[in-house]
Amino acid sequence: MKRRIGILTSGGDCPGLNAAIRGVARAAYEMFDAEIIGIHDGYRGLIDGDYSEMTRGQFSGILTLGGTILGTNRTPFRDMRKIGEDNVDKVAAMKKTYKELKLDCLITLGGNGTHKTANLLSEEGLNVIGLPKTIDNDLYGTDFTFGFHTANDIATDVIDRIHTTAASHGRVMAIEIMGNKAGWLTLYSGVAGGADVILIPEIPYSIEKVAEVVQRRAENNKGFTIIAVAEGAMDKEEARMKKKDRESKRAAEHFSSSAYVARRLQEEVGVEARNVVPGHIQRGGTPSAFDRVLSTEFGVHAAELIRDGIFGVSVALKGNDISHNPLKDVAGIPKPVPVDHHMVQTARRIGISFGD
Amino acid sequence: MKRRIGILTSGGDCPGLNAAIRGVARAAYEMFDAEIIGIHDGYRGLIDGDYSEMTRGQFSGILTLGGTILGTNRTPFRDMRKIGEDNVDKVAAMKKTYKELKLDCLITLGGNGTHKTANLLSEEGLNVIGLPKTIDNDLYGTDFTFGFHTANDIATDVIDRIHTTAASHGRVMAIEIMGNKAGWLTLYSGVAGGADVILIPEIPYSIEKVAEVVQRRAENNKGFTIIAVAEGAMDKEEARMKKKDRESKRAAEHFSSSAYVARRLQEEVGVEARNVVPGHIQRGGTPSAFDRVLSTEFGVHAAELIRDGIFGVSVALKGNDISHNPLKDVAGIPKPVPVDHHMVQTARRIGISFGD
Amino acid sequence: MKRRIGILTSGGDCPGLNAAIRGVARAAYEMFDAEIIGIHDGYRGLIDGDYSEMTRGQFSGILTLGGTILGTNRTPFRDMRKIGEDNVDKVAAMKKTYKELKLDCLITLGGNGTHKTANLLSEEGLNVIGLPKTIDNDLYGTDFTFGFHTANDIATDVIDRIHTTAASHGRVMAIEIMGNKAGWLTLYSGVAGGADVILIPEIPYSIEKVAEVVQRRAENNKGFTIIAVAEGAMDKEEARMKKKDRESKRAAEHFSSSAYVARRLQEEVGVEARNVVPGHIQRGGTPSAFDRVLSTEFGVHAAELIRDGIFGVSVALKGNDISHNPLKDVAGIPKPVPVDHHMVQTARRIGISFGD
Amino acid sequence: MKRRIGILTSGGDCPGLNAAIRGVARAAYEMFDAEIIGIHDGYRGLIDGDYSEMTRGQFSGILTLGGTILGTNRTPFRDMRKIGEDNVDKVAAMKKTYKELKLDCLITLGGNGTHKTANLLSEEGLNVIGLPKTIDNDLYGTDFTFGFHTANDIATDVIDRIHTTAASHGRVMAIEIMGNKAGWLTLYSGVAGGADVILIPEIPYSIEKVAEVVQRRAENNKGFTIIAVAEGAMDKEEARMKKKDRESKRAAEHFSSSAYVARRLQEEVGVEARNVVPGHIQRGGTPSAFDRVLSTEFGVHAAELIRDGIFGVSVALKGNDISHNPLKDVAGIPKPVPVDHHMVQTARRIGISFGD
């Protein structure tokens, strides 16, 4: 029996997307009579009917390739279900393309927004399987998403390099790590990079506590302090504000979270502090060995689910096992760092401050 | 209450040893009144009374450092319990040093041999805690040892580089990955590096099956084949031999496992085949972000065990949790790759051959 | 004859400082009876008498170490010769420390500011030898400074990673490369990273020309454009302004040069454009093989000059030869990229636009 | 005027080949009406008429790619000019393909063997331009070949990693660096990696001198020694032998040069010594920033030569200039390391022994 599989990547690009695509394709070709259709630029391609039939050779040599050969797009879920004609059109258009392509299944690789739309399409009766990717690791139901460990390697390397300058100049350096809603990447790279302070959205900080660390280190002849700051880190005052107010405060002040920390330390405590925003480099380039393995396992599991006719699920890593969850149970549910997570405790045990 | 902690690293060096040492020390200093004694060159230093009292500053800046600041030594367990006066002397000497140093606990970082001796000392009444390190990942009771993922990164990078030459020259390349008794590193780096064939000790191969892969690829206009060969890989004939006979056969033939594979493909199938033995580079250099985190968690957990007075155990990773096992239950028990492990299945699903 | 050598590092830290220090020390110890005094935090240590006598062992293991074991400081030259009592004090203080330490020679590792002060001290009668370091490569009299090639590796890696995101999302990405006064690093990493547009201070750009490149690429189905922007890049209007006016314009607009380019493309041409400012990571971490070699050669040559009693010079690379220039001929003279430099021509030949 | 350009890569693969091919192609397309024909697997493709017309798009995205998209082959020059019918056929066949393709020029990328054949074809009246590639840097007439600096980065990284193990175990480690006839790569990576001993073909060693270094270090409490050994390194006795006798001695002893050094130190001096042969990884993977720039410059210069009608030359780096030499003056002439080269002197100055 021939099976036609549509595949798309949505949301921010992320190392391991191509490895996962390759995993799906190679396992599908090995296990059954598969035809694979690459849908371009995420859901936009599904809406617009922009796709191409793919050949076996197109999945060769992409294991190590960063980004996504299918292109991606950040059309967010909130636009998908917006009340009004326009939005009904989008869902209808996606269903129409699915039918026209005579797909047996749609594989969507993405984060929370992508999974919400995947669940919406599943509820509309399409056979959908989600694969959880994001460097933020903030998807409910899976221990790790692919992309996270590669980003952790890059962010750790950034902290290593900044260490050099901080130590040579005796400076405070605040390094902004990706993660607007979740602090996983900042937590892991902060521990791996030997940060002195880690500031994450889940644990609001007070600048005075951060300043105390800087001063205590200065007293112990450590003239420098490394602060890993999540994009979405906020001080206690900001944490008490409504999201809208906090965002407009930030917008007015034109500061990134790390620039804000550096400025406040400089102004209020009088130390020389600089910040660095490595930004998009955290999500680019070839996936790490770990992520190539995880992406491949996720992709292969998706192909096994197709073989077994199991749809409406998202693939997941649970402990050491590759498994899956119903889309309706996990789609769009965030996974913040629990404030008593063992990594937080480990960090505290070795003297890292969370500024709280 | 003051606690005196002896710490030693034993067996082959491995990325993450210093990170784990730092984890123990920093957590111990944070949690209780700790004095740390560094024992030099593994059990040799314990036998000879070669050690030094350490200061807080000595654990600073070592998170990223490869190798071990304490030195290491491969004095194997079989020498420890050898019948005869000499051996009784060794154990007695170790106990004597432990007593003279007034240690409250001995932390040993090492692999299977190290753990056997740790268990022996524990049975003799010393307070011992083991930390499982090895790039081979072949220790029973823990999902992963630290060092493994760094070695996986390095081995994968090696396979990536060899890919270039293989593809440009249309050659068969056999790459020898560390692992005499267990194929974990070959399995993971083989999948991550996109190998076409993976040969591990747990799954004896036949050269004819490997040759078939080479020929099938040639027919599909893929002029090259990448073979990841574990040090301890053996063909079916060798697998049937007694260990002693197999070893003397190998010794007589002067070949590494990858050279053997390359030679046989060349002789019997007439293809141009080369082999590469990256060797010790797989265990050197700075630990990866993953291993820095895992080593730190292991070290911190060891300090918590000291605080709680729990001894005679080895720290372990189980799923996502840091935990511990009784030394007597795990010491020296190997952990080969189960032939039906999900990574073996994943590899087969994407068309990788195990030559069986 | 015993020779006492003072050594200091000044200005921004830079990969290769420790390798150069090691080169001076090891060659000095090999060639003559040397005592080496490490002066802390650049000229500040010389002014304040903050230094330490060093031992052979302290130069061991630092070849691969980023930053500087001596500390550094950005006390700029303009402060040194400022009219007024304070400044006379500084020079006098430096001479006093030099005399008290009974130095036979002072080695200064730094950029243009460092060399100006070195020349000042040389004119005051001290025996000074300069070693040219900077990731900007903007020192007159030497083909390359050490640090430049390591920074080029890092900046190129950054561009590689951004390529992934740019191509996957079909975006314009403006990457800000260090270099306020000279575009060397942007030029080299732009060519090495496959940038489509390179904007450097020496060649003022017009945003319309940059927009044309973006549009032409879009027409050829290349949905993304990579723009390497030097920190000090300026458009033609800015180039016509006085430096002071240009700086206050920039300050008022709160934009980095890459953010400015991205914003203007977005506003005026209506394309989605983002910018990345990797910042300090370009100067941190272990020096590359090239820079370890160059730093070592520079350090060794400095020791040879001491042996031969040649002072008042700065070490230089000329073609393949290690040589030296009189400090008075080179100190503080900038080295911008000639607009007809062969690398500019090479870049133009392969279709890279300079926006002019 | 339309110009048809044939291009081939020959000899061992090397980082930068694709970057150079891209440089030729992009500059040619920019400067004149160019058609480019890719000849497969080196001269074999020219002999057999195995080639393909290429499109602009095929040169896109290959800047960072290791190996060669054209394939390569080691058909050596000695086969080309072998007396007998067969050989005349080869040259005739190459001329025939050149004529049939109506080529205006043939670009050959390769090392000494490749250049010999290029010169032969030039003497036969074809328009040939050579581009010097090799990780060995042993081509006469150019300061550096592309590929060398990437290999230097890799070999230095290998030495860095081995350092870890050597220091932790207190061992002698002999690392075999590529280079059968020339010691450039061993010399540069030995200095960059902080080797204690460097053994190169140009400076025959005596094992006693090497042993002295090991012992002197042991006396100074440095329990380990790093020895960088060129593939073609030989001791003084071997150096006195005829090449044929030396080769058969080596073949009989089944040893690599580093294994030979390790074995002899172990046998004659009684120290624990190991060797590592990183092999082909030294030539694989993405080119470094330096080599991408150099390859691009070489490629662009070749296109300029085509534009100007200058043939029978090989492109070269001289100091900082990209230039060219007549093929007849440089083809096949080796470039060993001069024993008084400034890098040899630099190495000696910092206490590195050449075992002489």
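Letters A, B, C and D mark the chains in the order given here, with residues in each chain numbered from 1 onward.
One rule holds in what follows: contacts are C-beta pairs under 8 Å (C-beta built on N, C-alpha and C of every residue); 3 or more make two chains touch, one makes a residue touch a chain.
Given the structure is predicted, the values throughout are model-derived calculations rather than measurements.
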Minimum number of chain-to-chain touching steps separating subunit A from subunit C: 1
Of all other chains, the one whose Cα centre sits farthest from subunit D: A
Inter-centroid spacing, subunit C versus subunit B (mean Cα positions, whole Å): 42
Whole-Å separation of chain centres (CA-atom averages), subunit C against subunit D: 31
Multi-partner residues of subunit D (each touching 2 or more other chains): 160
Those chain pairs that satisfy the touch definition: A-B, A-C, B-D, C-D
Contact footprint of subunit A on subunit B as seen in their complex: 22-23, 26-27, 29-31, 63-64, 143, 149, 152-153, 155-156, 160, 188-189, 191-194, 288-290, 292-293, 296-297, 300, 303-304, 318-322, 342-343, 346, 349-351
Subunit C-touching residues of subunit A, taken from the complex the two chains share: 9, 12-13, 15, 17, 41, 66-68, 71-74, 154, 157-158, 160-165, 167-170, 173, 254, 274, 276-281, 283-285
